[in-house]
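Presented sequentially are two complexes of chain A, the first with chain B as partner and the second with chain C.
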Partner chain A sequence: MGRPLRGAWIFLIPTLFFLLSFTYFPFLLTAWEGLPSLRNLMSPENLNALRVTGLYALITVPLSIGLGLLAAVAVEGDSRIRLLVRSLVFHPVILPTVAFAAVFLYLLNPLGPLQGFLRALGWQNPLGDPLGAFLSVSMIGVLKDAGLYMLYYLAGLQTIPKELVEAARVDGAGRVASFFRVTLPLLSPTTFFVGVMATLAALRSVDQIFVLTKGGPVGATDHLLYRVYVLGFEYFDFPQAGALTLVLLVTLTLLALLALPRLERGVHYDA
Partner chain B sequence: MIRKVLFGILGVLGLGLAQQTTLTFYYPVGVAGPLARFIEGYVNEFEKRNPNIKVNTVFGGNYEENQAKVVASIRAGNPPDTAILLSQQLYTLLAMDAIESFDAYMAKDNDLKQAVQDFFPAFMMNSKLEGKVYSLPFQRSTPILYYNKEAFREAGLDPEKPPQTWDELVEYAKRLTKRDSSGQVQRYGVAIPTEDRSTWLLEALTIQAGGLLYDPAGQGCRVLVETEPVRKAMQFKADLARKYGVSPEGVIAWGSTPGDFAAGKVAMIYHSTGSLGFIRNNARFPFGTAFQPKLVRYGVPTGGANFYLFKGSDPAKRDATLRFIKFMTGPELQAQWSLDSGYVAARRASWNLPLMRDYAQKWPQALVAREQLAYAKAELPVYSLQQVKDIIAEAEQAVVLGRKDVREATKEAQRRVNEALKPFCTR
Partner chain C sequence: MTHSRALSRPRAARPPARSSWRDLPALLLALPYLVIAGFTLLAAFTPTAELNRGELGGFTLENFRTAWASADFPRLYWNTLLFTFGLLLAQVVTVTMAGFALAHLKTRGRNAWFYLILVQLFLPPSTLILPNFLIIQRLGLADTLTALVLPYVASATGAFLLRQGFLQIPRELIEAARVDGATSGQILWRILLPMVRPQLAAFALVSLVYHWNEFLWPLVVLQSTDKRVLSLGFASFARSAESGMEWGLIAAGAVLVALPMVAAFAFFQRNFVEAFARSGLKG
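Here is the complex of A and B:
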């Protein structure tokens, strides 16, 4: 690495200006307003929101990554069918989440088109039941993002030299073994990146909750961000909303600081 | 020469600007149907009749979203000239010192004073505090019972005799619930939405059970959850699905219920009279409306939203603002609005207009809500409105889902409501 350019800061001014005025300044303002309320944060409602968000991430992150990877491996190549499947899996990504969720409002109606199927599952009214509502909201998050992760994985797959997979085959590894021993480890930079993206998405995922469940029933889908919105803009309890935002931001920062170096060490950047 | 022309143009522009008053107006839409289009149409009509007033309309979403937007603009020091907010928000808005009463203007403006006296008294109950008038009714409603006459006939019930008591409701609903050979429900007997974040229908059932969800003398501070009528109301809702099997299990969404009714999937629903327009346009079968059945008495809370005046908005625009409010709450417009949406025309004078008479003759379903007003009570008036509603709605959901015993749920909700009201109610 060379010596930093002496005039570099001049080029940073525009970016810094926007970062300062729209990110750091509001952050400090939030901290200022939220700090005194920090000790009121252990309310059962807030703890519930924390639990819901954690569970949501725990479910949606591995599932959406897994589905994305599966789809990528399945549709790699140029045949027409594969292109079609690829666009089908990718389609939810380009839809606004609100529109995507609204479709499910219709599909998951207790008397809607999926009535027989839902009944067979024992969920006549999935959105009206705590577990059903939580799973529905999670499923929408997974379906929405899996297509995007598929795209990343497709790009990742293209960087793997074919010779490596072929060499493994020649050495007697089956399809499954060569996937787990060669392809997957070589995809780890992509997996790392997608993992970070998926975790962020899980913590920011709130649109379908607005459309489908409004945090209910009995708080089962009361995601942290939704709770911040309700506290701030419906209860007008800005100090508590600020405090909760602060917790969210600090958690995210800590997570990033802890996770980044550790994860990077396990990542195979060299083919 | 050129200079003269330029000055002339500027002069005309300046004159135009000086005379033009621009108002900002936020409004919500709380029921199904293209109501925003109607409201925009009325505003256009107002502008046509008042060429020197321009109204910037802001469609704020549903009631909660619109409230959030208005409060955000108040906090930013830039309140709208007027907005339509829930009549129940009175205490919350007063606690923010955000609104102004109409009394000073009523003293100067006889039209306004007469208008205020012409509203149905039931619709003014949530507007008044300590003798002052803080809001004027616009989109007002009561919850009513809608029922499918075709389904009634099919089940051997008299389509002109809707159920009058809770027992009858259950009995009718049992007969109206239709299953196919595999036991799958084709049509439910009744749906009473457990609206995700509202207590409106619970209040109705509580009144019918002989109670009231709040103390009318409580100054926005006394909510009564831990009472026998509330317990009966919650239990009744739970029983419809869990004991009698005549209603979908779990929490029933408010928003999709009119659509389910219009599609013939539920034979009877409890919903706002504001959904009448939607149901009229979408149901392919004859339907009736009726008072909600009683346990010990008839009764419902009024509902809906009113016009407010905001402190901190430009006082120079007050005349234009009041002119606009008078137009929107006037007898002609209220009649038209009632036709378009199903909301109850809030002015008594509206009901004597030929327009309204013809309508009521053609759609007698529209009269039920007005007649039910005689049995109406004010809707839960309380500080921290949304928080209190959420606590009670959550308790209700827990009972409906069978997760909590009704005694335990109401006890806990009462404790939490008292806690939430503490900052405003130290007396």
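Here is the complex of A and C:
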């Protein structure tokens, strides 16, 4: 640990200045302006946005964590193929979401290259129907983020002593059993961290909605944050957009209160 | 921190292990990504008429030519470079100072400082577009590059990444410098800064990638067409191409948007992987 230095906190001033101006103050501003309008929040459209956001989180969080974990286990090691697959799974992380999503306009269109596959599923035009659009938007979110979670899990796997897994195998546990009984529990700090990141992503990743569905059809992809944008910057209904922002911010604060004590411990132990 | 290097191949490269049937799960996993990337590339080079008949093949560069001209890519690239590197410049200052402070705070009250900064992870600028827009407007900064940069200048990720770097520096070094009468500022800029270069580099990479891709805040702030950044210009380009069902244009445009990052990734793969793994701040 570094030795405490007198007056070290002075160096925090620039960061605190910008945090105050563009994180804490806007939060307070939203609370101040948004609170009176909270009463008018119970419109069917707003409730729908809450439901869509909740469902989106419910689907993308476990799927992106699962895919990340699966990918990490599948590509651990250093055969040429695994290194290649690692890059392939990771690459959407560094691409603009709008570009990654726009590609699906082509892939999923009724004359697109995936028609055979989509027809087999009975889904000729997934972006045209509510469930299909919702699942498409979710799937893009999952594919986009899984690569990052794979990296975190690869890092987590590196910290597990090989002897532990081998000991379990010697004791007669199968490959699958030793994964679930030894590896997975030891990965739980990583899983917690990834879970928090994925929940955060679910609450704020809406770029693909702008390109693919614009909240539709019939509100099926009307994510809370997307609705904040539409209400605020297309209808200029600041009170309602502010009230919805407040709902989002309160949710995020609760998540922070829940997660920070454990995450911060993780930040502590490493050095 | 230490294990992030192990993620990629060691520097003194062992030849990669022989591939075998055990790689099959990895290959299966790669399939969706291959399908997406493969069809996108094919479509980008296929004439629009054929795509609209549901066919692939043929070869044309027309899609790229049209996309390049109609979305004004040179300007989009330039604006995005200006935004990302300008922001990075400001961030390097705030993040280095904050990292130094966080590494050397007195134990008493330290956690309060930690929390005050870590909370930012949970209140990212994209969720604050509405109040921040009102603030920017009040400051008379609407439609400016400055407004685009401001909400990102403080970075909790960066501050804690740098803290890790400062913590690894032996304390004797600092003590020796203080005995020699150096001030905290001199210690930071002359002695410690060169030693946290790996953390700064990792942070720079992650910051550049994330902000290169930024969409929602630029959408709110920028009105002038000639100030647009890459993702913004591409989104409006994609919308009009979609209404004309010009799939080849969309694919070519997406390739043009993705190209700088994919190229950088191809060259600096190990650095990317390390930087992103580190940005997770996991022990």
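By definition in this document, the second predicted complex is superposed on the first by the 249 of 271 C-alpha atoms of A that agree within 3 Å, B and C clash if a C-alpha of one lies under 4 Å from a C-alpha of the other, contacts with A are read in each partner's own complex, and residues count from 1 in each chain.
The rule we apply is simple: contacts are C-beta pairs under 8 Å (C-beta built on N, C-alpha and C of every residue); 3 or more make two chains touch, one makes a residue touch a chain.
Here the structure is a predicted model, which is why all the values come from computation and not from measurement.
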Original post:
Should the superposition on chain A be reported as showing a clash between chain B and chain C, or a fit?
Top reply: clash
**OP:** Counting touched residues of chain A, say whether chain B or chain C comes out ahead.
**Re:** C
Subject >> First, second, both or neither for A:Thr23, with chain B first and chain C second >> reply: second
**OP:** Based on the superposed arrangement, let me know which partner A:Pro130 touches: chain B (first), chain C (second), both, or neither?
**Re:** first
Original post:
Between chain B (first) and chain C (second), which, if any, makes contact with A:Thr213: first, second, both or neither?
Top reply: first
Original post:
Once the shared chain is lined up, is A:Leu148 touching chain B (first), chain C (second), both, or neither of them?
Top reply: second
Original post:
Of the two partner chains, chain B (first) and chain C (second), which one does A:Pro92 touch, if any: first, second, both, or neither?
Top reply: second
Original post:
Which partner does A:Phe233 reach: the first (chain B), the second (chain C), both, or neither?
Top reply: both
**OP:** Please indicate which partner A:Leu111 is in contact with in the superposed arrangement: first for chain B, second for chain C, both, or neither.
**Re:** both
Original post:
After superposition on the shared chain, which partner residues are touched by A:Gly195: those of chain B (first), chain C (second), both, or neither?
Top reply: neither
**OP:** Just name the clashing stretch of chain C against chain B, choosing from 26-34, 116-124, 170-178 or 242-250.
**Re:** 242-250
**OP:** For chain A, give the residues common to its interface with chain B and its interface with chain C.
**Re:** 105, 109, 111, 115, 233
**OP:** Would you pull the chain A residues touching chain B in the complex into a rising list?
**Re:** 105, 109-111, 115-116, 119, 124-125, 127-130, 132, 213-219, 230, 233-236
Original post:
In the complex formed with chain A, which residues of chain B make contact?
Top reply: 64, 67-68, 71-72, 92, 96, 184-185, 188, 194, 196-197, 248-253, 255-256, 260, 263, 265-266, 384, 386-387, 390, 393-394, 397-398, 401, 403
Subject >> Of chain C, residues touching chain A in the complex >> reply: 1, 3-4, 6-7, 9, 14, 16-20, 23, 25-27, 29-30, 32-37, 39-40, 42-43, 51-54, 56, 93-95, 97-98, 100-107, 111, 113-135, 150-151, 153-155, 159-160, 164, 166-169, 171, 174-175, 184, 188, 209, 212-213, 215-216, 219-220, 230-231, 234-235, 238-239, 242, 245, 247, 250-251, 253-254, 257-258, 261-262, 265, 269, 272-273, 276-277, 280-283
Subject >> Touching residues (chain side chain A, partner chain C) in the complex >> reply: 1-5, 7-19, 21-23, 25-27, 29-30, 33, 70-71, 73-75, 77-100, 102-103, 105-107, 109, 111-115, 143, 148, 151-152, 154-156, 158-159, 189-190, 193, 197, 200, 203-204, 206-207, 210-211, 225, 228-229, 232-233, 238, 241-242, 245, 248-249, 252-253, 255-256, 259-260, 263-264, 266-267, 269-271
